[in-house]
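First the structure, then my questions, so here it is.
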């Protein structure tokens, strides 16, 4: 039962990943790709948490924390660049 | 899983080389260099992976007594860790020189750099 | 507020963060955390923390609880509303960028207000200047300042005013 | 006891990923960048927090680190989307024709 | 056009080589000799829970010293190539839009926390994933956050240089102490090994990795500060 | 539960290749840099699935984070309008 629920959750997250990947591929503007990049990072955090659960190791969660930091910093760097380069 | 990762790494290396060979813009060449760098790292890490084994960190999930039978090869990981850090160093150096080149030539197109051609 | 007080608040925040990071209350990691936090506090004496400008009164603590409850309720509500918009075939949106006023003065309170507005039904803070907030609204209900202020800001401001002033 | 927590955690996990999927759908269906940022921020924040809560219910000894990740995301996510929205507005992003009023452009000039 | 064709031919050849490599590859099922030694001996010899850290800091410590030196040289060369003093009127010609109150408050709130996260990553490098290089990168990220919020902020180059060279000197010094008291250069057994999994375990590894973290963080910060302080002529 | 991890790695491999194609076909350099950062990001999750959390953290913090930021710093300096 629990396994089934985890499979279902992973399938839904994978579908979300593919949809956002389409937005990343299609664009059309840089800002659209940036928000898609942000959402991809956040979905990756879910993926990392699921992988940690499946492997049963808490140490993987440290990587997720670095990801959360990265998604914030990356968006701000690119936003400041877009703001300035006009 | 090993084969998937390895195939992806090889494809990334080829993509990076293709981009670096066909572009004339120096910043784009550096971007494709980092792409090929990532691909190489993926291939190297995938060589160390073994099916059904765990990460080489000893804790409750992997006690020290069973380590030999439970962990994967840690040597490629140490190698790749070094490679990533040095990769950033190389990229930063290339970017600094690219910027200097841009200041001199006012252009990013390397076909305009003709001093060393004959 | 004195300098020592600001530093002490920052130190407490850092220690709490360190404890959550480690997940244990073992003595050895606590010692390392205290050392690292002291060094960071030395370099960032004038920095802000979650506790700075917080009023330590019973009313403020009560307001914090009700603020968290209200915020979680609004967060779930906003997601359900957005889900309904996304799932409807003809995409019933009516966007606009409105301007609202806030009474809050403290920086932490204003930051929390802007973040809460971003996470609540259909609104996204674009810019905060002086007392004006510019907000993108997916389902525009009223375009004038007073009406928009009442619809968007006041629910949070009531709690945050007690907490931070 | 743990078995019930497992089932509950699984249900919370699935509901979190449902929100992630809705956000991804919104990202594709919304017509302009501001609406996309709205869809991207709210749903992913709640979705990730629910996912982390679900895993926390399954593994109660991990809950402190999961709580930290959740709090960090709850704080940084709206901030970064606000900065991105302002950058898009200053960069003259195309707004969907249904946008009725734009007070920010009235006060700061419209670059688009 | 001819260039593309040549490039494609070259890549097809390389791809054939790669395909040959992949077809001939079979994954190992048991650890090879070196890895077997590391897996068996790390817990008793070095006392670090993270075997990758044990390899990087102790078994191959000298290589890591060389790696840190390469990073130092990179930072120094970037400083040499790009360093230029700011002229007056820099603010006007640079045209950064103001960062706004929200980003300003948020970054002042987050910078100490991000720094503490970096410290956590390199102090616990012997127990969990992470270590000096990752922690140094996170420390540098907090410097980057400060730079982004306030692009005109002057960083004390002196402070960065002092941290960088001080931790480098201490790193080499610990190496020589290991030569004198332990079994060789950068031997970690100059401090008690402790029990596996504690914060104070694995001898000198946490100290060495913290020094590497500080040094790498200072080097990355100096790279970014130098890149951001240059200006167009 | 290995099949789940296998599916995740297939998804990530596809995402890496798609992002690589975006890098090659990008019209402006900033998009190319963003897409190569995305390749690094997916590679980092792939490292995690390949049981290398140390490498995953390094790739996320250094390969995907700092490299991208350095590129944008330099790109911000070079403002010649048209890059191609």
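Read from first to last, the chains carry the letters A, B, C, D, E and F; within each, the first residue is number 1.
We take it that contacts are C-beta pairs under 8 Å (C-beta built on N, C-alpha and C of every residue); 3 or more make two chains touch, one makes a residue touch a chain.
In this text the structure is predicted, and so the values were computed from the model without any measurement.
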Most distant chain from chain F, judged by the mean position of its C-alpha atoms: C
Of B-F and A-F, pair with higher C-beta contact tally: B-F
Averaged-CA centre spacing for the pair chain D and chain C, given as whole angstrom: 15
Centre distance in Å when chain A and chain B are each reduced to the mean of their C-alpha atoms: 21
Computed distance of Cα centres, chain E from chain A, in Å: 24
Whole-Å gap between the CA centroids of chain C and chain E: 33
For chain D, residues that touch 2 or more chains besides their own: 25, 37, 61-62, 65, 68, 75-76, 79, 81-83, 86, 90
Per-residue multi-chain contacts in chain B, two or more chains: 7, 18, 49, 51, 54-57, 59, 77, 81, 85, 92, 95-96, 99
Interface hub residues of chain C, defined as touching at least two other chains: 17, 21, 23, 114, 125, 127
Pairs of chains in contact (touch as defined earlier), listed by label: A-B, A-D, A-E, A-F, B-E, B-F, C-D, C-E, D-E, E-F
Contacting residues of chain E [partner chain F, same complex]: 50, 52-53, 121, 129-131, 133-134, 137-138, 140-141, 144, 220, 223-224, 227-228, 230-232
Contacting residues of chain C [partner chain D, same complex]: 17, 19-21, 23, 75-76, 78-79, 82-83, 85-87, 91, 93-99, 114-115, 118-119, 122-127, 134, 136, 138, 140, 143
Residues of chain B that touch chain E when the two form their complex: 2-3, 6-7, 10, 13-14, 17-18, 21-22, 47, 49-51, 55-59, 64, 67-68, 71, 73-75, 77-78, 81-82, 85-86, 89-90, 92-93, 95-97, 99-100, 103
For the chain F and chain A complex, residues of the former touching the latter: 1, 4-5, 7-8, 11, 15, 18-19, 21-22, 28, 30-31, 34-35, 37-38, 41-42, 44-45, 48-49, 51, 53, 56-57, 60-61, 64-65, 68-69, 72, 75-76, 79
Interfacial residue positions of chain E with respect to chain B in the complex: 3-4, 7-8, 10-11, 14-15, 18, 22, 25, 27-29, 31-32, 34-36, 38-40, 42-44, 49-52, 55-56, 60, 63-64, 67, 70-71, 74, 77-78, 81-82, 127-129, 133, 196-197, 216, 223, 227, 230, 232-233
